[in-house]
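Once you've had a glance at the structure underneath, I'll fire off some questions.
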Amino acid sequence: MDLGASTWTDAAAAETELAVLPVGSTEQHGPHDPLATDALLAEAVAEAGAAAYDGEVVVAPTLPYGISEEHRAFAGSLWLSPDTFRAAVGELVESLAAHGWRRVVVVNGHGGNTAALREAGRDLTVPGERYVTSFTWFDAVDTSAIDDEAVKMGHAGPVETAALLATHPELVREDRLEEGAAGAADGWGEWLSGVNLAYGVDEFSENGTVGDPTAATAEVGEALLAEATDALVELLDAVATRELD
Amino acid sequence: MDLGASTWTDAAAAETELAVLPVGSTEQHGPHDPLATDALLAEAVAEAGAAAYDGEVVVAPTLPYGISEEHRAFAGSLWLSPDTFRAAVGELVESLAAHGWRRVVVVNGHGGNTAALREAGRDLTVPGERYVTSFTWFDAVDTSAIDDEAVKMGHAGPVETAALLATHPELVREDRLEEGAAGAADGWGEWLSGVNLAYGVDEFSENGTVGDPTAATAEVGEALLAEATDALVELLDAVATRELD
Amino acid sequence: MDLGASTWTDAAAAETELAVLPVGSTEQHGPHDPLATDALLAEAVAEAGAAAYDGEVVVAPTLPYGISEEHRAFAGSLWLSPDTFRAAVGELVESLAAHGWRRVVVVNGHGGNTAALREAGRDLTVPGERYVTSFTWFDAVDTSAIDDEAVKMGHAGPVETAALLATHPELVREDRLEEGAAGAADGWGEWLSGVNLAYGVDEFSENGTVGDPTAATAEVGEALLAEATDALVELLDAVATRELD
Amino acid sequence: MDLGASTWTDAAAAETELAVLPVGSTEQHGPHDPLATDALLAEAVAEAGAAAYDGEVVVAPTLPYGISEEHRAFAGSLWLSPDTFRAAVGELVESLAAHGWRRVVVVNGHGGNTAALREAGRDLTVPGERYVTSFTWFDAVDTSAIDDEAVKMGHAGPVETAALLATHPELVREDRLEEGAAGAADGWGEWLSGVNLAYGVDEFSENGTVGDPTAATAEVGEALLAEATDALVELLDAVATRELD
Amino acid sequence: MDLGASTWTDAAAAETELAVLPVGSTEQHGPHDPLATDALLAEAVAEAGAAAYDGEVVVAPTLPYGISEEHRAFAGSLWLSPDTFRAAVGELVESLAAHGWRRVVVVNGHGGNTAALREAGRDLTVPGERYVTSFTWFDAVDTSAIDDEAVKMGHAGPVETAALLATHPELVREDRLEEGAAGAADGWGEWLSGVNLAYGVDEFSENGTVGDPTAATAEVGEALLAEATDALVELLDAVATRELD
Amino acid sequence: MDLGASTWTDAAAAETELAVLPVGSTEQHGPHDPLATDALLAEAVAEAGAAAYDGEVVVAPTLPYGISEEHRAFAGSLWLSPDTFRAAVGELVESLAAHGWRRVVVVNGHGGNTAALREAGRDLTVPGERYVTSFTWFDAVDTSAIDDEAVKMGHAGPVETAALLATHPELVREDRLEEGAAGAADGWGEWLSGVNLAYGVDEFSENGTVGDPTAATAEVGEALLAEATDALVELLDAVATRELD
C-alpha cells in the first residue's frame, strides 16, 4: 500500500504489522546523475519489494534528506545532522507503530545514512514489542561484475548509474558519463591503517564521482535492482515472522 | 530549478540567492482525500510559483512530513515532533544557504506547521546576512466563495479537495465525498473564550473531515491555486529584493 | 488561592483540581507603558477570574518572562527562547499536577507566547489524566470599539493602555501618550501574501508602539478586563468539568 | 532602576553596565511562612542593595521559581529542573547583556539554587567581555546569633522567619510558629560521612521546617537584611570595577 | 570485586546490590603532583572501602575525567561539561542497576564534581527502587591537623600530596614541593560577600597549587586515607541497609 | 607522554600538536576474558604507538566506557548512550585542542564504538584548523591467520584473547577457554540481505563469545599488536603532517 496515495480509511483496513520507510538523500552525484539519486533508488526498491512480497506492506512516503555534509563542497547537496536524521526516523517509526505497524524496515539508498540507521534501529526496537531494522539496497547485492573492490559501490559510479538507467533514464545525463569518469575512477582516495583520511569527498574527486559510470547499462541496473528486491523480500519475511508478544 | 532532478553542476550554475523548500504532512484527509494531500499541494504551489517568477528559483525536494499528532486517532497519520520538524527545516535552510541560496521561502501546505515555521523563520534569519520566511498557501487566498467563516479552510474540505481535483484528480475518491461531508461540515468543534477545547480532531469529526467537500470542483481549485501562485510570486519578489549585505 | 502568599498547609487543604498559571513578558511597551505590562495584565485577569469563579482555583506565581526577542532593539526587553519557555511552563504544570491540580489554564498576557503555549498545552495534556490549555486574555475580548482591524490589539496601544489605566494607572506615563501614538498607529507594518515581512518590531515602529494609545481610558480598560474575566470563568468551568478518569 | 516598572525609554537612558536578577523559589516554608518566601527575600535584598549602591543598577523582575523538587512531598511546592533553571537564567543574563548590562549579579534566596547558579555563572562569564556571578543573601550574613551550626540557616527557621517579619509581616502566620518549631528544630536530619542521606525534606521534617522559628523577631530580621544589603553593595562594587575590555 | 578485571560470569555470581563508581579528573595539580591525582585517589579509596566492607561490593572502572574547566589555563587539564559528566555518570549508574546493583555510591576525588554529583544522585534515585549517592573522600576526613581553614583541602596541597605519597609516591615530584608552595599557600584567592570572584584558578595561583605541600608525608597520607576508608565503609553500610522495595 | 602521570608543567613543555585518546568499553568478553578487555588493548596499542613514533605524542587517560548496550544481557556490561559517548569524546578532544594538541587520533578497542567515533571525528575536525580521526586497532591488522571470514575479529575470540595473553596474561582465565569456545565459534549469528537480525549478542551466543579462543597464544598476540602499532605509527605520521593553517 502506497501510504501517501491512500486515504486513512484505506490505511485502517490494512491487515498487516509490516511497513517500510524509504530514506535517501539530496546530494551531488557527479555531473551526470541527479541530486535525488539516493531517494529515487530507495523508493524504487521499497516499492518493488512491497509489491513482490506475499502479503500486505505499508510503504510510507520517502524521506528525501539524509546525512550528506561530506558533499557540502558540491552545489545543491543538502543535509540533516546525524542527530536530527535519527530523531526524524525515530518519530516516523513510532507513529507507524502507533497504528499497529510495528515491524518496520527502513529502506535506505545512501551509504552515509547506514551507521545512523543501525543506531536508530537498536534504539527503536523494543524486545518482544516492536522490531525495527534497516536495509541499504546496494549492500545486499553482488556488484563485483560491474565495479571492483577498491571502488565498492562508488558514488554515482557504475552501480547507481545503471540502476538509474533502469528506473529514471530521463534523469541520467548520458552525454556527461565520460566527464563523470574523470572523477575518482579508481576508488575513495587515500586509506591508511584502516582509516580514510579525507574530510570531504572533494579531497579526492574533483567532480564528485567515484567509479567509472561509462559501463553502466539499463540491463545491468535491472539485474541489480531485481537482486535487491529479492533480498528485501527475504528480509521482510524474516521481520514479519520474528516472534513478538 | 527542480533541485532533485538537477545535477550539482547544474546547481552550481544557478545565479540566484532564492530558494523554496516545500513542506507538507502525511496525515488523514478524510475518507476521500489522500494522506499526502498537504505535501502534494505545497509542492504544486512551490513549483508553479517558481515557474511564474521572473528569475531563477531553486526548488528543493519536498519534505513530506510535519506536525500531525492531533490526527493520530486516524490510521496512517505520521508525525514529527515540533522540535524535530524545526530542526530539520533549520538544517535544510542552513545547507541551502551554504550554497549561497540565502533567501529562502518555506512553502507550506499544513496548518499545523505554520506556528513552528514562524518560530523557525525567526531563528534562521540573520539580519543583514540571511532572510528566511514561510508561506502557507491557503492563508494567502480568499476562500470565502467556497467555505464559510466557521470552517475557514476546513480539513479535506472544499478548498483542499478542489485544489486536489485541479492537480491530482486521480487521488480524490469522488464517490466518497458525501461520506466526507458527514464529518464536521460546520467547523472545528467547540471553541470557548478564544480557545479550542479539543485535544484531537477525532473529538469533533468522526471521519476527520472539516467542511463539506461535495461542492469542490477542479475549476475552483485552479482558481485558488492561481491566486496562491500569484501571492507566492509577489512574496518571492519581496524576499529577493530585501536588503542584505 | 494565591499560592505564593499561602503556606503549604493551606495548599494541602485546597479541594480542587483547578489551577491557573499567569505568564507575561518583560518587554518594551512604548515610551508610555511599563516593561512589565504583559505580566501585570495576565496576573490581574488570572486573579479576577479565580475570584469570580464559583469554586476554588489555585493561582500560581506569575512567570514574568516570555518570548520577546523580536523586541530586542528596545532597551530592557528580556527574553527566553521558545524552547526554554515551553520547558519552564511544562515543568511548572507538571509540579502543579503532582499536587493533584491536574486541570491547568495558563493565563497569558503576551501575543508572542501564544503559539508556544498551544504547543505546550498539547504536550502536557494526557488524555483521560490531565488537561492543560492556555488563554490569552485579549484574544477573548471584543476590542473593535477601541481599535481597528489593522491594529488588532496593537502593542502598548489602546487596549493594553486602557487595561493598565484600570489596574496600574501609576505605571502609565500619560504625558507620553502622544509620543506613543507617533509609533505605528496604523498597524503592524508591511504584510504580503499572508506574511509579515518584518524581523523585528523596530522595522515598522520607531518607538515600539502599535496602535494609538491616546484614546485609552480606565473605563474602557475596566470593561475589557471584565469581559476577559467572564471569558476565563467560562473556560475554567469547561476545564473543571471536562471528563478525566 | 526597577526594570519592570520602567519604560524602554527609561531603560535606554540608564548609564550603567550593572544589573541584578533576583531569583527565588515557590516551595513550602513550614506551616507558618509563605510559599513565596525565597522570592520575596531575594527581591527585598536586591532592591535594597541597588538602592544603597552608589551608582545606577538595573533590577530585573524576580524569577519566582527554582530548583525545589526535594520539597515535592509538601503541597504547593513547584519546581524547575536544574537544566531549565540554568537555561532560563542564562537567557535572561544574555538578554541583559544585549542591552549593555554585562556585569550581572544573580541575587538568590534559595539554597537549592546555589550550585546551579555557580555553574551558570561560569558558563555565562566571558573573560574580558562579560562577568556574571551569584549571591545567596543568607550565605553573606552571620546568623550565629540566631541559629546554631547544625541548623545553619534552616528552612523557614529563625533566619528566614525573622527576615519575613521585617519585610512582609502580614504573610507570617505567627500563631503557627510553635507548630513550625515541631519540625526538625535541631537540623537537617541524618548526615553520615559528609553525606546527607535524605532524598526529600519530608524524611526528616514532618512539617517541612528546619530550625526553631519562635525566636524570630522583626528587629533581628532587619539586622540580617541590612548585613546582606551591605554585602551585596560591596559585591556590586567589585563587579562594577572588575576589568573588562 | 574489581569489575574491570572480572569476567561476566564472575559478575553474575556476585550476590550484592552494592556498587561503587570511582570518578576523578584529569587536571593540573601544581608542578609536583600528577594530572591524574583525583582519579588515583578516588580509586584508592573506593578499593580500600570495598575491601574493608563486610560484604560484597562491585567496584566499577574509574572514570578519569570530570568538571575541570576552571583549570584550563594550565596545560594538560581536560574537562567534560557538567551536562555530559552528569549524563555519563547517570548512564553508568543505570547500567549498574540493570544488573541488580541498585545501591550505588559514586566515590569522588575532585571538588569540582561534587555539586554535579549531588544533582545526579537525586535524579538517579528512585524512591523505593534505587538509591544513589556520592561521597567525596576529603569531605569525610578531618584535615585540620595538616591544613588550615582558609586552605581547606587546597589543591595539590598538603592533603592530596600526602595521600599520593601514601599510594603513588613515584608520581610525586618531591623536588618540586618548594616550587609548589610558591602558589597560593594561603588559600583560594579573594572572597567577597560569600562569593569567590575568580573565574579561573590561574587568577590567584600562578602554578595552580593551593596550600603548602611541603609538610606532606606518607604517614599523614595513610592516616587520612584510613579515615576516608572508614567513612566510606560506614556509608556503604547505610546504603546497603536503606529500605527499598 | 603519559598525560595522567605527568604534571602540568611537563605537559606545558611538550612541543607537539599530536595527541591520542584511548577509548574502550566495560563489557562482557566471555567466561575467560575480563570486562576491561577493550580498554586494556586500546591503551596498550596507544602507548606502544606513541612510544614507537618518532616525535612527541600526548597520551590521554583511557576512557574505559563505550557503547555496549547490545551486551546488556551479560552481567557487568556497562554502557554509555551513543550521544553521551560522542559528547564525552568531543569535549575531551576540544580540551586537548585548547592546549594546542589539535591533531588527535582516538585509539579505539571496541567495535561498537567505531561508527560513533567516525561521526564524532567529522564533527570535531575543523578544516584548516583541527584534524581528528579514529583508529580501531583490529581493523588495521590482518587477522586471517587466526580467524576466518565469518568470525572476523569475533568477540573474546582468537584475536582479542591472543592480544590479552601478550599484554595481560594474568587476566585471561585459560582454564575456561574451552568453555568460551562453546559460544558462537562460527560467527555472528544470522545475517540476511546484508542485515544482522539479532538485537542482542545473547541471541546467538549463550556465553557471549564469538570465535574460538582456544588457539590463541601470546606469540600471535604480540604479532598482532606489533602490526597494529606499526599501523598507528603510520597514521600518526600522516596526521602530524596533514596541512593545517
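Per-chain residue numbering starts at 1, and chain names A, B, C, D, E and F are given in the order in which the chains are listed.
Note that in this section a residue touches a chain if its C-beta (ideal position, glycine included) is under 8 Å from a C-beta of that chain, and two chains touch if they have at least 3 such contacts.
Worth saying up front: this structure is predicted, and the values here are computed from it rather than measured.
Student: Which neighbours does chain B have in common with chain C?
Tutor: Touching chain B as well as chain C, we find no chain at all.
Student: Name whichever of B-C, A-B or E-F reuses the D-E interface, so over half of the contact pairs are the same residue numbers.
Tutor: Equivalent chain pair to D-E in B-C, A-B or E-F: B-C.
Student: Give a one-word verdict, same or different, on whether chain E and chain F use largely identical residue numbers at their interface, taking over half shared as same.
Tutor: Mostly the same residues form this interface, as more than half of the numbers used are common to both chains.
Student: So how far apart, in whole Å, are chain C and chain D when each is placed at the average of its C-alpha atoms?
Tutor: 27
Student: Please compute the C-alpha centroid of chain C, do the same for chain E, then give the distance between them in whole Å.
Tutor: Going by mean C-alpha positions, chain C sits 49 Å from chain E.
Student: With centres defined as the mean C-alpha position, give me the chain B-chain E separation in Å.
Tutor: 56
Student: Any chance you could list the residues of chain C touching two or more other chains?
Tutor: 69, 83
Student: Make each chain a node and each touching pair an edge, then name the shape: line, ring, star, complete, other.
Tutor: ring
Student: When the cyclic arrangement of chains is written out from chain B toward chain C, what order is obtained?
Tutor: B, C, D, E, F, A
Student: Chain C touches which residues of chain D in the complex?
Tutor: 3-12, 14, 26, 28-36, 39, 58, 60-65, 69, 72, 74-81, 83-84, 87-88, 91-92, 95-96, 98-99, 171, 173, 176, 207-208
Student: Applying the document's contact rule, which stretches of chain C touch chain B when the two form their complex?
Tutor: Residue positions touching the partner: 69-70, 82-83, 115-116, 118-119, 122, 125, 127, 131, 133-136, 139-140, 192-195, 197, 199-200, 231-232, 234-235, 238, 242.
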